[in-house]
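Consider the two complexes below, in which chain A is the common component and chain B and chain C are the respective partners.
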Partner chain A sequence: MTELWYDLEPFLQQGTLGLVNGAFYALLSLGLAVIFGMLNVINFAHGAQFMLGAVVAWMLLTYAGIGYWGALLLSPLIVGLLGVVIERTMISRLYKLDHLYGLLLTFGLALIIEGLVRNQYGVSGLPYGVPDAFRMPPVDLGYMLMPAYRFWIVVVSITVCLGTWYAIEKTKLGSYLRAAVERPQLVQAFGVNVPLMMTATYGTGVALAAFAGVLAAPVYSVHPGMGANFIIIVFAVVVIGGMGSIMGSVVSGYALGMIEGFTRVYYPEASATVVFVIMAIVLLVRPAGLFGRA
Partner chain B sequence: MLEVRGLEAWYGESHVLHGVDLDVGDGEIVTLLGRNGAGKSTTIKAIMGVVESRKGSIRYNGTETIGLAPDRIARLGIAWCPEERGIFASLTVKENLLLPPEIAPSQVDLDRIYTLFPNLKERLSSPGTKLSGGEQQMLAIARIMRTGAKLMLLDEPTEGLAPVIIQQIGRTVQALKEIGLTVLLVEQNFRFAQKVADRHYVMEHGRIVDMIPRAELEASMDRLHSYLGV
Partner chain C sequence: MPNSQRIALVVLIALIAIGPFFFFPVFLMKVLCFALYASAFNLLLGYVGLLSFGHAAYFGMGSYLSAHAAKVWGLTPELAILTGGLTSMALGAAFGFLAIRRQGIYFAMITLALAQMVYFFCVQAPFTGGEDGIQAVPRGYLFGVLDLRSDFTLYWVVAAIVLACFLFLYRIVHSPFGQVLKAIRDNEPRATSLGYRTDSYKLIAFVLSATIAGIAGGTKAIVFQIATLTDVNWPMSGEAVLMTLVGGIGTMFGPATGALVIVTMQNELAEFGAWVTVIQGAIFVACVLAFRRGIIGELQAKLRKPL
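What follows is the complex of A and B.
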């Protein structure tokens, strides 16, 4: 029994730590899925908007003295509004064209945003401390001690993901969204302002990325490339879950974070690539993704 | 109530409507007859504002709608039941039914709808597309009845349905008339159209080529048959 426990303990520990990364994968792929479902645009700027969320949190602290809790609210709002402007002025002109144009546009936007931040603040990383409220003893999970802030990340991420899922699947507003994903024209012909919904959806997806960025600021260093590191894996997560599937992206986000953790125990060399191996297998077996509708 | 003049419409390069003129009076049931591909659905879509490009004049209660977006047109009181029915797979029957926003007070409440369509009431929590074809058609009509819209554009509501269900849809159209709604109905099923309509327009190659009031129907049968090729 004790021997089994010795085997199991590192497994659980790494799995739990993997859940922290998974929390970000889930939040980010959720935003991507919502945006893709409604706008049919693969938002390549998602990683840059995540990074911008963290940078704006740092700016709020540095220039305005607004701390973590204020930033958790304000930064998504600010970056989300920027998303609204981007959608209104640029993305909305591409809806009638091929996917590829939206992808190219948002990819360009990502390069611009990252370039601007790099110019202004360099690449070395801006310091953002763990908020005072989390300067407390780690949470005892029985098999490990988990730093309180990381525990918070997982709890918040799960709450936000469940909340978003509930809002989309179970509310009236969500029914408009699901309907507009299927037949935007008919929903508009019922008297719903679908273009406005699309703007709001993009803004919300971007705000979600910025929210994840603020959450990440105290644990990952705040620097222009922080989004790019994540977003490659997140795109793999989205492909595995199924493009546009809300539940799929959330579940695969956490699952892949944990699988990365487990891999770190048994075969550390592969932990950085395991997600892509799984993606390749999923693409072979179920091209529409695990939760996608073919 | 509805005055369409010189309506033209295009899908990309292809010019489909070449100047459609038609009128629908308050409380009337008017059909649009014609062979497949004549442009009936396109006329309906152009009125609703969902074709790629259109030109001409469409006045609804005096308001010019040719430049308006579909949601604005809907809010004036026009509702559309598309040929492909447009039931949402990711919504339950109830969500489908409640989806179109109410744009004006309606005489038709949910109880009335459940009385007209008892099948729907029993299946409220199933996914919309799990219904049979007939039930989906009823759902598609039912959901626009409770919005308070005054003009219903129904595109081939009886297409592919069994006779009993066609009868039920006939009763529904009659019920729409009784509560004072106006209907522009596209139909291939002439026997159905004949029973419910006040007037018939005939379309050919993107134009209205004839108009036959109910009273002249008997006398115009030969003409009509040659239009419809039956």
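What follows is the complex of A and C.
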């Protein structure tokens, strides 16, 4: 028994730490899935908006003295408003065209955002400390001590993901949203303002990315490339999960974060590529994705 | 070949012939390599309707393997470039097989993710030299006899390689095979119902595109005598998309034109650092919103003749 426990411990530890990465994968793929479901646009700028969320949190602290809790609220609001402007002025012009144009447009936006941040702050990281509230002893999980802030990330991420799922699947507004995804013209004929809903959806998705960015600021260094690193893995996660279901994208986010963690124990060299390998396998076995509808 | 394209080809050859007397050969060789890279990418996007966001993998692996073959194995430059092309061909076959299982934006995301896997492989694999890349690659002797150390001599060799590949692409697009590709682009279910195995067509197009992208990368490695992580990272995939978009998606001469515009811009603005990225992003946005046909596409529409 003790020997088994000895083997199992690093496994559990890395899996739990992987859950922290998974928390971000889940939040980001959730945002992507929400935007894609409503707008049929793959938001390539999602990573840049995630990074922007972290940078805005740093700016709020540095220039306005607004701390972590304020930033957690304000930064998503600011970046989300930027998203609303982007949707109104640019993305909304593309709905009638091939979906690929949305991808190209948001890729261009990602380049602009990253380039501007890099110009202003350089490529090295901006320091953003762990908020004072979490300067406490680590949480004892029995098999490991988990830093309080990382524990908080996982808890918040799960809460937000469940909340979003509930809002879309179980509330009245969510039912309008789902109806508008299926039959936009018909829903509009019933008097629902569909264009406004699309704008709001994009704004919300972008705000989710920025929220994840603020969460990430204290654990990953805040730098212009942080979004690009994440978003490509999240694309793979989305391909694995399939964007058809909100729950599917969330679950695959956490699962892949944990698998990445396990890989770090047994074969560290592959931990950067394991998600892509799994994507390749899923494409061979179930091309539509684990939770996808073909 | 319609007259309009014949004239365009003559203009292209004339420009290639007089170019080195007015501009630095190294700059022109860079334009040529990227023109070929973007044209290879356009074979997929423009003629099969598949947006690959991972062409950096084929360009970069072509670059690495050519550099390795020339430096470590001591192969002559033409064999080194061939090695790069064949590597990308194999890689393209494997990735193409996976990627064509999905369509549209999923295809774009899958190709991007697979390319990033190649990037991480290159970061770790010992033969790529990690952050340093493979440096001081010898240009060597063409067929073991012609010394390529002179930029001028190398220029004509590169021009010949690029033109040959370009004409090969032209041949593919205008062959019966190419007609089927365009049919798949315009209406895949109909092509299927006419009895074409669309997956095989897509896969062959993918492999051809990857191979030529690999040759472009390999040639670039010989010209600049270096292969680095930049060649294989995702912004390089974006370059192919940008050049093709600027020049004109689905036009024969568009990607080369786009390559000329973008490489010139990068050269002129090199001192402004990250502003180049910002401007490239702005060009993306502007092209998508207001200039979707691209330069050659607009010209084509004005003349009402294919280019």
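General observations
Keep this in mind: the second predicted complex is superposed on the first by the 293 of 294 C-alpha atoms of A that agree within 3 Å, B and C clash if a C-alpha of one lies under 4 Å from a C-alpha of the other, contacts with A are read in each partner's own complex, and residues count from 1 in each chain.
Heads up, the rule we're going with is that a contact is a pair of C-beta atoms (placed from the backbone, for glycine too) under 8 Å apart; a residue touches a chain by one contact, two chains touch by 3 or more.
Quantities reported herein were computed from a predicted structural model and do not represent experimental measurements.
In the superposition on chain A, A:110 makes contact with chain C only, while chain B stays out of contact range. More chain A residues lie in contact with C than with the other chain of the pair chain B and chain C. Residue contacts after overlaying the shared chain place A:175 against chain B, while chain C stays out of touching range. Within the superposed three-chain model, A:193 lies in touch with chain B and out of touch with chain C [touch as defined at top]. Of the two partner chains placed by superposition, A:77 touches none, neither chain B nor chain C.
In the superposition on chain A, A:287 contacts chain C only, with no contact to chain B. Residue contacts after overlaying the shared chain place A:12 against neither chain B nor chain C.
Touch criterion met: A:183 reaches chain B, while chain C stays clear of it.
Of the residues of chain A, not a single one touches chain B in one of the two structures and chain C in the other.
Remark: chain A residues 42, 90, 93-94, 97, 99-101, 103-105, 107-116, 118-119, 228, 232-233, 235-236, 238-239, 269, 272-273, 275-277, 279-280, 283-284, 287 touch chain C in the complex. Taken together, the chain A residues at the contact with chain B in this complex read 172, 175-176, 178-179, 181-183, 185-195. Only residues 51, 53, 98-99, 101-102, 104-106, 108-110, 112-114, 116-117, 120-121, 123-124, 234, 238, 241, 245, 273-285, 287-289, 292 of chain C touch chain A when the two sit together in their complex. On the side of chain B, the complex with chain A involves touching residues 48-50, 69-71, 73-75, 79-80, 82, 86, 88-91, 95, 98-101, 103, 144, 147.
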